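You will see two complexes here that share chain A, one where it goes with chain B and one where it goes with chain C.
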Partner chain A sequence: MKTWKWFATASALALSLTVAQPSLADVSIDDIVKDAETTGDVVSNGLGPQGQRYSALKTVNTGNVAGLVPAWAMSLGGEKMRGQETQPLVKDGVMYITGSYSRAWAIDTKTGREIWQYDARLPEGILPCCDVINRGGALIKDKFIFGTLDAKLVALDAKTGKVVWTKKIDDFKAGYSYTAAPLVVPSEKHGPLIVTGVSGGEFGIVGRIEARKADDGELVWSRPTIEGHMGTLNGKESTMTGKKNATWPGDLWQTGGGATWLGGTYDPETKLIFMGTGNPAPWNSHMRPGDNLYSCSRLALDPETGEIKWHFQTTPNDGWDFDGVNEVVSFDLNGTKAAATADRNGYFYVLNRENGKFIGGYPFVKNISWAKGLDKDGRPIYVPENRPGNPTKSKDGKKGDSIFAVPSFLGGKNWMPIAYSKDTKLFYIPSNEWGMDLWNEPVTYKKGAAYLGAGFTIKPIFDDHIGSLKAMDPATGEVKWEYKNRAPLWGGILTTGGGLVFFGTPEGDLKAMDAASGKELWAFNTGSGIVGSPVTWEQDGEQFISVVSGWGGAVPLWGGEVAKTVAHLNQGGMVWTFKLPKQTAQKN
Partner chain B sequence: MGLAPAVSCLSFLVLSVILGSSSVGARPLDDVTASGVLRVIVYDDFAPFSWTAPDGSVMGIDADIARAIAARMKLQPDIIARIAGEEVDDDLRSNIWQGPRTGGHVGDVMMHVPMEKQFIARNTLVGISNAYHHEKVVLAVHPDMVDPAAGLSAFRNAKIAVQFATAAHYFIMFADDEAYKTSVNPFRKIDAAVASFLARENAGVLGPRSEIEALLGDKRSSVRIVEPQFDTDLRMAWTIGTAIKHDSRDTGYAVGKALQELESSGELAAIFKSYGVTRVAPPVP
Partner chain C sequence: MNADPQASGARATARLFGRVRALVAALSALLLGAMPASAAPGDDPLRSIMWTEMKAQFFADEPVVFDERVKVQVPRVVEDQAQVPITADARALDGVKKLVVFADLNPIQHVATLDVMKASPFIALRMKVEQATPVRAAAQTADGVWHIGSVFLDAAGGGCSAPAMARKDADWSQTLGHAQGKLYRELDGSVRVRFRVRHPMDTGLARDNTPSFFIEKLDLRSEQGEQLATLDLREPVSEDPTLTVLVRMPLNDSVLTILGRDNQGEEYRSIIPASWRQSATSDPPARNAE
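Up next is the complex of A and B:
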């Protein structure tokens, strides 16, 4: 394994030898589809395409987790210490991670030594909205694929870190970037496909989902997320998304928004891709009466054609910036093929994943103000007074009436993924209890011209905490336990067959909780805030747990009361890997 | 800027230590003068005010004014075109007081900054002054399609183009009890809105005077430009000035002096005219 490092920096002669390296097998599409069942590797975002973030491993368990110690740590180096939102991938003794500023590494999982590092050459003046983060890469065949802040998809040779192909997702000069972990799905007609959305983009850009061939990055299909726009398949127009003007007035569908900035999941049983869509544009909902499909929705797509098989809209006619991008996690609900998703808007939805029908929905944060609840179809029962007003009907002559809405637009849950335990049959939801004052702000300028902006101030709901990790029963909506954290939670969850829930805090702790009771069993401070997602795998009979530490993301960019909970946190950039000392592990 | 960001960043640190000054931070007038270069940030992709030509040079009214300012200050101009962020407040952070999040310099001066009192008050880390142009939302119409004298009311039954999500867009969507809502044709960019107007797909276009004038070009004479009265709290007219970092006021004063000279000599109006735009003097506050 040590030799790879040497190969990566050596001559063409050395490179030719790497072909014969037997221990580093290609990642097949079957490896990805079955990732949840193979505890020796992590070859997909979500520890399996369904995104449950569950590992059956139980070497580390409730009885011995208190003895967990660091096995190694590796610094991401440089001055580029910013938010690290990646989820490591592990295959054949090599860990693959991405980092801030569009960087990627391969690391020896035994020693923590770097095998290769790739730095994307970013153009000056790119403007990613919410820190210079990256949420992870994808492995397929002999490649490691990830997206860059200047909106490119880069495929690296997994052995050497050298670029195999690069595809432009869109023009960074129009404000596009790419930060999500690409999704790899099987297809009968096209072979393995890389599925991505788009991040950012100028006001009024329409979101879309795209599938490319893993071998060369060639575009296979594209599916716009707003009704009225045409999709493509094999370079030709395919079908229209929805029905033009069905839920949008006039010509506003042309500039409808619905960005797809977070990655998707895939369910091998129904052979469907699940992807969420962002808020509609422009932000003030009085401009666009109607449901504004398919903004703030979950879409189920056919990997062969990119056709939408079903949709479920969480916030019709959104007026609060409640993006609907959150991950859809497939699970079995007493024999029903179900899926669950925890929305920005504060509700946890359980759907039938074969047809998108609503099964149940429950608030997972407290004091939700914008809706009284959900009706029998899962549609919100709005509180009309809590919708930001018509911008031309302001009373004080300066700005529209301010409303206080809960949750804030950063969401009951933001990007950080939930987890589902097959053992406890509970979902673990990293949430935040905060609201926002929200008003029409006429004193807003964009590129030297007057706009109508949204003025906002984000405020905590409770004195002692914003972050809240909840264990929720998807059958009843009952919260079985809650862990409260002073700073907002911004990292993903891992749960294991050892009865444990792992997650990180902005204060820097990686914590292990009893999955059944919520009792804290172990914590280790990593020295900087954790906003990434932990993983676990088994190697040579030992169970390892890894997380990338490094404070950043969107939270530090906002001021007000929230800033007080995070102002003292230090930057970082370190991969931490833990295991039990051999003697402790053998006691079981 | 051919160096990798990490390398250029490092060399800057080294330089700062050697020179005993902060090169990436503010540049008061003495430092600017000593360097011999005035670094000016303008918007990219923002015709007629500023854009990058295919050969890499920065063109436009703001770029030319910046060059003329540098000449008056006996400095070499370094004109940098940057893409716009979500709001001008973000651009001030990237271009004047903090620098771009992904690396790169701040400028000594940023052009085309709006000068409203509330906006100036909330951007405490910059100094915004030196008004050099007044922008106003106007209505251009095809006189054979709608009656120019009818103003906006002509668009109860005729289509009107507008740039998406601007103050003008919000205004026309709600004005006169939403009488025009179904007539409004939004475009992401003003050039597409004007192109659609010139193609007679829309009988009118509502937007900032300078951009509309420049985009109409020689077809200006075949259309009518009117200035409707807007009864709204939305901003339909605003003054344009420059921004400097708050601790480099003397640079701002020198820029202001140069701008005054350019105005009295007639150079300022001539620059606007060369791009087909009427320069409107800012109202005296």
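Up next is the complex of A and C:
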């Protein structure tokens, strides 16, 4: 900001009286590509398109984090307090967040005062599977773009919050919605592209990845994730995804799932988009023998054409709802262009991000039962008796044999993003230790109805904790430290050059741990559960840390016996921003 | 019988004061002519406590006069506060560029603005009222002066804070933007456009927390795409807006196109055929976002 010198010399009283409007510059594609290197702003989901969630800032560090205090808090208001899974974006003194029920805000980062609010008018009959959440927006040029529960993409004027354009991603009545943060990537042919997927994995939809022009939302390319479906490029059919019926029997591929509900990451070095795909539909795997490509996979796509450059499937012929959507984080592994991902199935995978080749895979939760391990190519070595029984082989043909599998369908790790520290060279994985009773039932597809063919209950596997934050060495799979939490962890991680790891708990605490040792150094109770992802940035010489608090998401809806650990938690919706008091900051 | 001198004197005084008042009024009129910028609160024929605020909100420093040639019609009895028919008519003035409709005591005062272009300065619509209120039409003439017509609408309250009827209809989103309309040739050669479009027109003030959601722009086009008039609508316009405007469209045109956009960015397009004989229903509009 131009006025920073003035701020530096102003008295505290003068500061409190200042109502200077921040001057807003457009967010360029360069700002986004280089977001990980710039500590003064956060203009992408993941604090950089690589998704490392690492900031080099060290004003707040292991030595002084105990003195962290709230700078301001802002309520999201209304009667729409549900899970707040957003990650704030910050640019030129303005914070942009999304909230439950497809709402969005711009907030003055100095005062916590609202600049504008946008409320989507949602139709009756939306079909979100797992709470009315939103995981954040994207900034590009003069726009703030986010997805809605009725499966639309809305571009708002970043200055006013007024709608510039809106595009329907798909029909909400068929089960589509959109909750992930859109990804913005550069392309030579089309300019900056907004890359999105689709949500609605439990309703028999077919996943796809789409790229749109930032200016007007015009569709450039579309890539279905299930083999046999045709992609498009510039309004014309392009190529088929995979080969029809190669790994799918009959016509089940037509409602084959593979929902791309968690959005993606981008690596500027290889110029590849990484997007994960959800479980194949229906859950009952006996109906669809074969690998069921490209369900439960990580895909690398060319931003220019939407062609699949490589894929890596974590759970072929999935029978446990082990979506492969979890984020792919680019990092350097002793000179190798690597990428890592912590899967729902309980394994942490390290891949070569240039070609998708398997480098290593390690369990990050305990007592995994469905597989004995991974083979040299990273393919799971199944435990056949831990696959739910085929209902057609049961006595009445209605319910197959029930099994107890670990992890549960909510995953060793669910949507909540991991972080990678360039300093400790460790990944920080918010995981959960739980299993499930699971059985299969016959099912037929009906538009807009849940398409599962399975029944389930979730059970904790330890008495004292479900949540488990682990620091893992990607070179060896060694767990360097673990923090155990009674309730399941459901929020993202942030790590900093100050040697810290920040994350929130359903119990409401935002915590700071020593990134090297796992020692808890600071905690603050935000008043409701945290299921969002913290961010940090620097402004006028001070380091700020923000998180949105508000309990919700899938756990309270699907939690089974787990509900005991979370039933007493109350809803909320509050943006909390922290900093060091000026004197504490100067001491270090 | 002697006349009471005192009474007579009082009458004379009254007459004198009457003359003085007339003189002051005439002088004011002169002043208004020369410097027509003062419509003080006291000037408002309805003595509305909101007038000063309304003047600042809608006219800022532009010249304003109260003018009975601008007619506002409202029903004597309001049957439904969410659907109050009103008519704003400034056809008695020449060279009107803009016609603004507002209601002083509504929580959202601005109802609609007609950018006249090739239309007549006339609009009929249905609006919501939250309580009894002055309803005004302000017509801006080519010289920049706003001419204001006012009427007091007596009504029971609640029209703006009651949820839209659409709230009870699970399928409202499926009929969003569907339109019906009819064109009538008037004696003076202009065309009367009557038009209804399906939209909840949520005010954002309803007790059920529904966000504001309303059509904010309508754009009337000739067959060749020429802009005939545009309308800015605001939250107080009733659910499923029903509007009448008068436009001059080319004689041989067989259709009138109405383009619309709401505050959530949805775009609508309706085509009204000019059959001149029978009413017609337009096709379901092409929704841009589909």
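Before moving on, here are some points about what is shown:
We take it that the second predicted complex is superposed on the first by the 546 of 588 C-alpha atoms of A that agree within 3 Å, B and C clash if a C-alpha of one lies under 4 Å from a C-alpha of the other, contacts with A are read in each partner's own complex, and residues count from 1 in each chain.
In this text, a residue touches a chain if its C-beta (ideal position, glycine included) is under 8 Å from a C-beta of that chain, and two chains touch if they have at least 3 such contacts.
It should be emphasised that the depicted structure is a prediction, and the values quoted were computed from it without experimental measurement.
In the superposed pair of complexes, A:E124 makes contact with chain B and with chain C alike. Of the two partner chains, chain B and chain C are each touched by A:G78.
Taking chain A as the reference chain, the count of touched residues is higher for B when chain B and chain C are set side by side. In the superposition on chain A, A:K168 contacts chain C only, with no contact to chain B.
By the document's definition of touching, neither partner reaches A:H311: not chain B, not chain C.
Applying the stated contact rule after C-alpha superposition, one finds that A:K152 touches chain C and leaves chain B untouched.
Shared-chain residue A:G204: touches chain B; no touch with chain C. Of the two partner chains placed by the overlay, only chain B lies in contact with A:P249; chain C stays clear of it.
Residue overlap on chain A between the chain B contacts of one complex and the chain C contacts of the other covers 78-80, 119, 121, 124-125. Those residues of chain C that touch chain A in the complex are listed here as 170-173, 200, 202, 204, 209-213, 263-266, 289-290. On the chain B side of its complex with chain A, the touching residues are 1, 4-6, 9-10, 43-46, 49, 82-88, 90-91, 94, 100-104, 112-114, 116, 118-119, 135, 137, 164-167, 169-171, 173-175, 181-182, 184-188, 208, 232-236, 238, 240. Remark: chain A residues 78-80, 119-121, 123-125, 150, 152, 154-155, 162-168 touch chain C in the complex. On the chain A side of its complex with chain B, the touching residues are 78-80, 101, 119, 121-122, 124-129, 131-132, 149, 173, 175, 202-205, 249-252, 254-255, 281-284, 286-287, 390-392, 394, 397-398, 442-453.
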